[in-house]
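This report refers to the structure that appears directly beneath it.
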Amino acid sequence: MGEVLPGPVPAVERSRLAARRRRDRWVDLLLLLPGVGFLALFLVVPLAQVFLRSVGLALIGEAGHFTWDHYRQFWVEAQYRDGFFFSLWLGVASTVISLATALTFSALMQVRFPGRLVVSVLYKVPLVVPSLVAAFLILSLVAPGGILARLVAHWGWEWPRLVYDRWGWGIIFVLVWHNVPFMMVIISAVMAGIAQDINDAARNLGASPWEVFRFVTVPLSMPGVSAAALLVFIQVFGAFAVPSLMESAYPLALPVIMQTEMMDRANWALASALGSVLTIASAIVLFAYYRLVQGRESPAR
Amino acid sequence: MAQVELRGVTKAYGATAAVQDVHLEARDGEFLTILGPSGCGKTTTLRIIAGLLDPDAGEVLLDGQPVHHLPAHRRETAMVFQSYALFPHMTVRENVAFGLRMRRVPGEERLARVEEALTMVELAGLGDRYPRALSGGQQQRVAVARAVVTRPKVLLFDEPLSNLDAKLRERLRLELRTLQQRLRVTTIYVTHDQAEALVLSDRIAVMDRGRVVEVGLPTEVYRRPRSRITAEFLGIANLIPATIVGSRNDRYLAETAIGRLEVAWPEPLARGDAVTLSFRPEDIRIAAGAVNCLSGAVQQAVYLGSITDYLIRVDHVVVRVQEPGAPSRRVGETVSLVLPTVPAVIRER
Amino acid sequence: MIGTRLFPGGSGPWLIAALFFGLTLIGLIVPMIVGVLWSLVNPRAGWFPPNLVPPSLSLDNWRAMFSVPEMGEAAVASFTIAPLVTALCAALALPTGFALGRRAVPFRRAIEFLVLAPIIMPGIVIATGLGSMFIRFGLAHTVLGVILVQTVVVLPFMIRIVTATFEAVPQDLIDAARNLGAGPLSLAWRVLIPLVVPGLFAGGVFTFIGSMEEFVLTFIVGSPHVRTLPVLLFAYLGGRSQIFTYAAVVTIVLLVPTIALLFTAERALKQEYLAAGLGKM
């Protein structure tokens, strides 16, 4: 019997392979279409609309002529600029405070303590509390005339002004309240993923609990921590509801200004320009994040 | 260098007793191996010594001093973990330096000691790599370097070679032995590999189901096991229940299912004692003889290269016999066996 | 555990417990009680400083709220829109998640970025674009429009969780099923779908809660004609005249179902899913 050598693939076979590959592509496309198609239609198109409108053009509706006026307006008029910086401040402050708190709490949650199970369920409650509700609950607590103000008034003290203030401390407080559990969920998941042996090895080598946290737990949690911080920052930076309820008359957060321009003045072009500024600033932060993560990627795994 | 002592150490996880009333001593500079099957509580024992786990009862002494008040990071023990537990976010050098940094060893000295340790485990060129860029054997060496660099009083090894292939394992265990003898540091080494235990140890402690069954020199535990568990766990043993029925010329007579056997044993035995005789397969000869000679049928003959492994049926008992060289007997053949007169006598049935 | 010996003498765990329970009390329980009290304030007596508790309680606010149409309408809107958004998301995410999780699709990076975009973009920007687009298409101020905008922001979570779940199915399992004679259909029906049900369920919980909570887009695209509970709440809290009593009623109607869902679905909100959905970007 002659040996069968693997000869060149016959032409029929080859065309069948190609047909198969083509069919696979169609299957991919068909499977991706629902999700990706939806997002393309209802996300990409509107975003294109925002950018075009911000320079006077339009994808949908009457196109005007190209102009940078709206961006110029943003930079020239103090209320818009201040709004931008106010939102930036809210984002940075909330992120830093939330991060420090969430890191500490997550580390403490790794310790076995009485009632840990109960706490591990309860701390997630703010996750499902809409930020508006959070604002209401906190307002009823810390607003002038709120419960705490009334309580300290009983002892004759004056309650500090925490809402409707220049620095938006009330806003930051609500956003921190809302975001700490969110960060904790992510950070705890990453921390729980660190092998027990690694922590034990560190302790065995002489690291105190604090040093284990500082040199092992935190660096190994960095991927989750940085992702959580980024998400919180971008959300707060673009937050509308809470600032709109709790801010002072000036400055207004940029999203609040946008909403007024849109709904009260129908000035979609200016709102679009402000939205573009917000997006670009977020994109820069995102880009910085990726650079940072990439720089750290090697040690992370 | 130090002496380690466990006194009545007990630890339970819920209903499972992981470690029960363990008494154990490792002398200064000694290499003590804890040998036992999976799940017998070896890791638990090590973690208790390292302070990573609190015992429910009993105490751990280092140099005669109880150390229960010392948290893990203040105990001068260094552990090599089964998983190595190298810090994935640190380079090899940073990993090795970690313990020194925690001890506030100044930079110059730290660097020097790290390099010395890396040279010792022959990893001098790999200091800047991350652990994931190392082979299993190299990771293992990093773990060893990281442990010894702190000059601990006690070295603890938790099955450090179990994730390596057979060849590498053999080489590394010799290296570990050499290293330990050079450093003269008290070492407690956990393994379930009997060959490893025999090669490495000054003494072996056999553990089973949370208890230390016996402690002895490698030759003692192999040749004179005091329990069936030890006999079965170290090497292969033909365990034959017997009753002492008398004595003749310094030898005891033992009644067994395969007949009456003559047994020499240095310790006194009394008529009626119920014991177990343990014969090593390599001690049994296929030949004719005057004393302890039996006849049986070859049931199976397996060629293992340097030896042949026989199963031979004597009455209703199957005896395992090993002879050097290729099979010389066929299956079904009737042969005569000579059992040595010096089996181990175990005082339990 | 990191801190078994954080504090000698064993007082550490108790201190931590005290800290967490104290925070829960001040940060969660007290505000909730105050919220409930506000909803029960007798409107004729009010609840003014310096009273720490309302002088008299009544169900008047509840009666008033349910006698005006806006409350009922908002509740109906919220509780119909959320399930519809969830169903739509599941239907859209299942095939896409399968493709991303198990097939070598072209332009993967670009698609992943597209899926990530709504999570990392300020909602108000998306609202600006969709608002101006929907006005053109006549979708502004309609329930359909609100469903569509909410889907844009919650769909990514669903897709990411479903994708991660599909990815986690071991190839061996699929090969074993094939080897045992399962065709594509029985493979999907008997092996894949059952294995991704937990992920789908977790994604569904997320989506439902996300839809119930969603405010900015609903507010900008839907109001004033379509008002969900958060939009109504905003109306009572915003502006110069805050109506705490009504806001409290809306809060309770909104919170009770979502918190109940959280507690029943606690297992589904397991950290793996959350981390899979958000942790790595």
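The letters A, B and C name the chains in turn, as written, and every chain counts its residues from 1.
The rule is short, and it goes like this: contacts are C-beta pairs under 8 Å (C-beta built on N, C-alpha and C of every residue); 3 or more make two chains touch, one makes a residue touch a chain.
Given the structure is predicted, the values throughout are model-derived calculations rather than measurements.
Distances between chain centres, each the mean of the C-alpha atoms, put B farthest from chain C.
In terms of C-beta pairs in contact, A-C outnumbers the other of A-C and A-B.
Per-chain Cα centroids separate chain A from chain B by 55 Å. One inter-chain figure worth recording: chain A and chain C are separated by 15 Å, centre to centre, where each centre is the mean of the chain's CA atoms. In chain A, 209 are the positions where the chain touches two or more neighbouring chains simultaneously. For chain C, residues touching at least two other chains, in rising order: 4-5. Counting partner chains per residue, chain B has residues 51, 71-72 touching two or more of them. Interface of chain A with chain B (complex): residues 195, 197-198, 200-209, 211, 215-216, 219-220, 298-301. Of all residues in chain A, only 25, 27-28, 30-36, 38-40, 42-50, 53, 60-61, 105, 107-108, 110-116, 119, 121-133, 135-141, 145, 147, 149-151, 153-154, 177, 185-186, 188-190, 192, 199, 209, 212-213, 217, 223-224, 227-228, 230-231, 234-235, 237-241, 244-245, 255, 258-259, 262-263, 268, 271-272, 275-276, 278-279, 282, 286 touch chain C in the complex they form.
By the touch criterion given at the top, residues 1-6, 12-14, 16-17, 19-21, 24, 27-28, 30-32, 34-35, 38, 48-52, 91-93, 95-100, 103, 105-106, 111, 114-115, 117-126, 128-133, 136-137, 148-149, 151-152, 155-156, 159, 209, 212-213, 215-216, 219-220, 230, 233-234, 237-238, 242, 244, 247-248, 251, 254-255, 258-259, 261-263, 266, 269, 271-272, 274-275, 278-281 of chain C touch chain A in their complex.
Contact residues on chain B toward chain A in their complex (touch as defined above): 47, 50-52, 71-75, 77-79, 81-83, 85-90, 98-99, 102-103, 130, 132, 146-147, 150.
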